[in-house]
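Next come two complexes built around subunit A: one with subunit B, the other with subunit C.
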Partner chain A sequence: MRDVETRPRRNEWFIIAAIILVSLPLILGFFLLILSSFSEDMITNLSPSSFRPTIENWINVFQGKLAITGGIRQNILKITFNTLIVALGVSGIVTLISTLAGYSLSRMKFQGRKLMMLLLLMLHAFPGVALIVGVYLFYRLTFPQDPSMVRLYSFFYVVLARAALEIPMSVWLMKGFFDTIPWEFEWSGIIDGASRIKVWWKIMLPLIKPGILAVALFGFLAGWQDLIYVRTFLIDKTLATFIEANIEAEYSHMPLIAAAGTLYLLPTIIFFLTAQQLLLQGYSGGIKG
Partner chain B sequence: MKGKKLQTLSFFLSPMIIMVGLFYLIPLIFTIYISFTKMKNWNTEKYLSEVVGFYNYQRLFHMFQHDPMIKAILLTTVIFVGITLIINVLGGLLLALGTFFVNESSASAIRLLWLLPRMSPIAVYSLVWYYFFHGSDIGTLNSILMKLGAISTPIPWGQMTPWGAWSVIIFVNGLVGVSFGMIVFTSSLNQIPKELVIAARVDGASAWQISRRILIPLTKWHFLYVLTWQFLSLLTTYPHLFLLVEWDLVNRDYGTTLALYVFNTAFGRGEQDQGLAAAAAVILSIIGILGGFVTLKVLQFERMIHEPRGDIE
Partner chain C sequence: MMGMVGITLEEITKKFGNFTALNKINLKIEDKEFMALLGPSGSGKSTLLYTIAGIYKPSSGKIYFNDKDVTETPPKDRNVGLVFQNWALYPHMRVFKNIAFPLELKKSSRNEIEKKVREVAKMLHIDHLLDRYPWQLSGGQQQRVAIARALVKEPDVLLLDEPLSNLDALLRLEVRAELKRLQKELGITTIYVTHDQAEALAMADRIAIIREGKILQVGDPDEVYYKPMYKFVAGFLGSPPMNFIHAEVEGGNIRIYQSKISVPKQYREIIKRLEITEVLFGFRPHDAEIIRGEREGIKGEVYSFEPLGREQIVTIAVNSDVFVKVFAPEGEHFSFGEKVTIVPNEERVILFDKKTEKALEYFP
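Entry: the complex of A and B
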C-alpha cells in the first residue's frame, strides 16, 4: 500500500471504474479474439447469434487444415516449434551476455566504463531496427556457400540479430540486479584468493537468480513476439509470419486464424498468470541508474 | 596484475562488445555505404560496387518536395509522433497516478493489463485491432456504432484519409507506449518519501491536490526521460504499424511513417530500392543519434553512474 491509510475509500472505486472504462477496448479486443477461436463464426460483430461454440478451429489448426474447402495443409506444430527455437535462442544469448557484462559494469573499475554505459544507453534509446538494411547486407555477405546450410544459418542469424536489439537494455537491467548484492559476499571470495571469474560463477550467480530469470523471460518474450526480423531473415515460418500470410488470403477461415492467434498468445498469458511480480519488477528495474 | 585484469575484463565484456560491433556498428557503416550505391532488389553482385555519390539523397530531397506520397508520409510521421507522444506521456502519468491511489492488488492488475499490448506478439496484437477497426460489419467498432444507431452502414475507418488512418495508427501505438510511461512514473512515485504524502493527508488534502502539488512536481526528471525516450522510439520503430498497412486496414500513404517507409522500400513488395531506403535510414539515424545525445546531456545520466566503490585493487 503506497498511499496512506487515511485516504477516503470511495475515491478508490471511482478511480478503478474510470481506468476500467478507458481499458474497455483493450479488454474487449483480446476477449473477442480468444472467444472467436471457439466459435464457428467471428463474433467480433458482437451479435450473440454468431457465437456457436465449437472446438473445430483448434482441431483444424493442429491438423494444419487452413482452408475450409481447399486442401492446403501447414504443419502448425513445426511452425510453433520454429517460433520456440527463435525465442529460446534469443533468451539464451541475451541472458548469457548480460549476466557477463552486467557483472563487470556493476563491480569492476576500469577506464571507459562510464563511456561504455552511456553508449549502451544511447543504443537503447536508438532502436537498431532503423539499421535493418545494413543488418541484411551483412546477412547476405555472410551467407554460406553450401545450400543445405542456408536454413540453419538463417535461424542462427535471426537469433543473433534479434538478441542484439535486446542487449543494451538487458545489460543495464542485469547491472541493476548486481548492484543490489552487498559487497561482503564478494570480498569474502576475493580474500580467499578466488579469481573474479570464479567469484562471479560461484558466489554472484546463485545470488542473482531472480534477475537472471527476469532477463531470460524478457528475452524469451522478445524473440517470441518478433515479426520484423523473423520475416526478413528466417526462411522457415513462425507463428507471426503464418498469421501475416494468412489474414489476407481469400481462402483463410477467420476463426481459424483467431485460434492460431490465441495459440500464439498462450505463453504471454501463462507468464502473466505465473510471473507477474517478475515482469513488473523487471520493467521498473531497467530504468534505475 | 594489469594483464590479468585485462584478461578478466575481456572475459566479461567481449561477448557484448562483439555483438554491438556486429549488429550496430557494422550495419551502421553498411547502411551509410549502401546509401551511396545504386543497390536495387538486393542484387549485390551488380550494384554493390556501383557508387553513385549523393544521388539517393538528391532523389530523396526531390521527392520530399514533389512526390505527394512522400509528402503524405512525412506529414503522417509528424502527426503520428506528436500525438502518440502526448498520449503516451500523459496516459502513462495518469495511469501511474491512478494506481498510486488504489489498493496494491488492483494496482498490479491494472498495470499488468496495460502491459499486455507491449507483451503480446505483434501479429496477435495487430490481429486484435484488425478485427476491431475492420471496415466491414464484422468490425467491432462498426457494429457497436450500428447497434447504437449512430451509423447505418459500416465505415472503413482506416481508409478515411487522413484522420481516419491517423486515428487508427495513433490509437494502436498509443496503447503500446503508455505502459512505458506508466512503469517509469510508478517507480518514480515510489521513490518519493512517504512523509510528504502523509503530511498532506493529515492536512486534509485530496488525491488531486496531492498529485498536483507534490507528486507531479517531484517527477520532473522522469517526465523528461519518458518524453525524450518515447520520442526517439516512436520516430524509429515501426513493427506495430507494419501489419496494419500490409493488411490494408489503414491507408498505405497515411498509415506509413518514415521508419516504415525505409523498411518497405528495402524489403516490401514490388521493386525494392535499398539505396533510397538506406539514405532515408541514414537521415533517421542522424536524428536518432543527435536526439539520443541531447537526451543524455539534458537528463545528465553520467551523474547517475557511480564508481563501483567496493572494488579492491
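Entry: the complex of A and C
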C-alpha cells in the first residue's frame, strides 16, 4: 500500500501522451528553427540530408551581416542591448508599481478602492492593439521639440506604454499575494516601531518574493517580446522588430534569421527552465514559515 | 528596569460597521498585574487587546497609561510588546534578526543590540538557536522567540494574544507555569487574552470575563470561580462546567422537578427580599455528593458513567431531558439506570435569576 500522494494515477500515462501529442507541433517548430540556425539551408522537412551543419549563421549574426552577399550590416549587439533596455525598463516599472499598488489595494482602505480594482480588470481586458491609436496620439502630443532628444524619448515612451499594458494584471497578481499574508506580520512590525512603508519594504516584500519574481519576469518577457508597441514608437530596433523587418526582405538569408530568432527566444527558454518551480509557487501564492 | 505602568480603559467602544465589537468597556489594570481577558471566540477580547496596543482605534472612549491619555498615540509610541497567536515571526529572518528587529527600528547601536538580544535569548533559553530560521524551530521554540521579540525592547506593557493555543497540550502546561514565573520576575504589566478558562485561572492575578463586547465580571481567580456574577461566568469557568437546573421557589423550599430541598442558608434573606419565584439552581460537579437510593436531595437516575482515573464523572438524568454531571469518589462505581440522589453542598450552591441570569447575591 502506497501513500495516497505517491500512488500512480490510473490515467497518468494517458495524460502524458496527450500533453506530448498537443505540444509536438510546437516542439517540432522550435526544434527546426534552432537546427536551421546551424545549417546552410533552412530545414523544412525531417530528412537528415537537408542538414548541412555550419556555425556561419551565428558568426554572421554577431557580425551584423544580414545577407551572405552584399554589404548590409546591422549592429546586432546594439539591437540586443536595445531589447534589454526595453525589457528591463518594463520589468522595473511593472514591478515597482504593482508591488506598491498591490499593497495599497490589499491593505489600505481608501475612497474608490473597489472602483479602482474594477477599472484595472477592465483595462486588462483591453488588448494593447486596440489602444494604440490613442497611445500614439499622446506620443505625438508629448514629443520633444529638440531632435536630439527624440531617440531617448522614444525609449522612455515605449517602456512606459508597454509597462502600462502589463500593470493591471500584475497589480491584481500582487494584491493576491499580499492578501495571503496574515495581518499579524504587519501589526507586529508597526508595534515594533516601523512605518507603513518600512513594513512594506522590510517585512511584506521579502514574504512575497516568488510573486515579485513572477511579475518581474512577466514584465521582462513582455518587453522583450513586444513587437507592435516597439515598432510603433521606438526609433531604434529591438530583436523583435529586427527579425520582423528582415524576414521578408529581399536580401534575407533565412538560416541567419533563424539564428537571430533563436537568440530572441533564448531568455524565454532560460527563464522558464530555471524559474519553473518559482513560478508555480508564485501561482499557488502561498507563503511558508 | 521597566517603568510603572497601570492601564485604565474608560468607556471603550469599538464598532466595525454596524457590528459593535466592544461595548463601553471599563477596566483598570494595575502596575505589574497579570490580567487575563477571558471569553469565547468572537467575544471581543482580542479586539480589546489590539485597541490597547493601538492597532485599532476605539470608536469612543479613552485609554490611559498611568495618567497619560494614549488614545491617539500611535502603536510604536506606546512601548508595548505584543505576542500574536500565530507568533508572526518573520520567516525570512534568522532568530537573531527577528529578536533584534524592534531594536534596529529604534536605531540602537550594534553593540547594544547584540547585548540585549543575547540577554533576552538567554533568559528564554533560546540562545543556542539564534542562527536558525523560524521554520527550523519547534512550536515551543518559536513561541519563545516571539516572546523574546516582544520583551527585547523592554516594553512597559506585555500583551499576549492566545500565545499558547498553537502548542500541544503537554507543552502548554509547561509553558504556562514558566510564563507566569517570567511575568512575576520581570514585574511587567501583562494582559493575556485566552479562551481557555484553565489558563486564565492558573496564570492571572485577575480575570476579566468578556462576552459579546461587554465585561461581565472582573476579579481574582477565586472570586470569579466561587462567586460568579452571571450564569455565563459560572458556566465558562471550571471543567466540566457548572450544572444549572430550573427550579421554583416554594416558601422555604426549592422545587426541582420531583424533588424538594430547602433554600440554602445564604439565600433565604435575599429570596424573601427580592420575592423571586423562579431561579436557576447552580452547583459545580465537585460540590455535590451522590447517594444511592432515595434521600433528601435531587432525585435522578444514572444516565452515564465515565471513570477518569482519580475522578469519575456520573451523568444523572434529573428529568427526561435534564442532565447534571457530578464527580463520584474514587473507586465507587455506578451502573446505568441506578436510582440516586444528589446532595449539593449547600454553601456552594449558587442561585441565578432566571430572566437576567445574574447571581442573586449581586442584586442590589
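Keep this in mind: the second predicted complex is superposed on the first by the 264 of 289 C-alpha atoms of A that agree within 3 Å, B and C clash if a C-alpha of one lies under 4 Å from a C-alpha of the other, contacts with A are read in each partner's own complex, and residues count from 1 in each chain.
Going forward, contacts are C-beta pairs under 8 Å (C-beta built on N, C-alpha and C of every residue); 3 or more make two chains touch, one makes a residue touch a chain.
Predicted, not measured: the structure shown is a model, and the values here were computed from it.
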item: First, second, both or neither for A:Ala18, with subunit B first and subunit C second; value: first
item: First (subunit B), second (subunit C), both or neither touched by A:Leu84; value: neither
item: Greater residue coverage of subunit A in the superposed arrangement, subunit B or subunit C; value: B
item: First, second, both or neither for A:Leu213, with subunit B first and subunit C second; value: neither
item: First (subunit B), second (subunit C), both or neither touched by A:Tyr264; value: first
item: Which superposed partner A:Ala275 touches (first subunit B, second subunit C, both, neither); value: neither
item: Subunit B versus subunit C as contact partner of A:Gly193, first or second or both or neither; value: second
item: Partner chain(s) touched by A:Ala245 [first = subunit B, second = subunit C, both, neither]; value: neither
item: Subunit B/subunit C common contact set on subunit A; value: 187, 190, 287-289
item: Complex contact set, residues of subunit C against subunit A; value: 50, 53-55, 75-76, 80-82, 84-86, 88-92, 101-102, 105-106, 134-135, 149, 153
item: Subunit A to subunit B touching residues, read off their complex; value: 1-4, 6-7, 11-12, 15-16, 18-19, 23, 25-30, 32-33, 36, 42, 44-47, 96-98, 100-101, 103-104, 106-110, 114, 116-118, 121-123, 125-138, 140-141, 160-161, 163-165, 167, 171, 183, 186-187, 190, 195-197, 200, 221, 224-228, 232, 239-240, 243-244, 247-248, 254, 257-258, 261-262, 264-265, 268, 271-272, 276, 279-280, 283-284, 287-289
item: Complex interface listing, subunit B residues touching subunit A; value: 5, 8-9, 11-13, 15-16, 19-20, 22-24, 26-31, 34, 42, 44, 95, 98-104, 106, 108, 110-117, 119-124, 127-132, 134, 137-140, 142-144, 147, 175, 179, 183-184, 186-187, 189-190, 194, 197-198, 201-202, 206-207, 225, 228-229, 232-233, 236-239, 242-243, 246-248, 259, 262-263, 266-267, 274, 277-278, 281, 284-285, 288-289, 291-293, 295-296, 301-302, 304-308, 310-313
item: Interfacial residue positions of subunit A with respect to subunit C in the complex; value: 182, 184-185, 187-194, 198, 203, 206-207, 209, 287-289
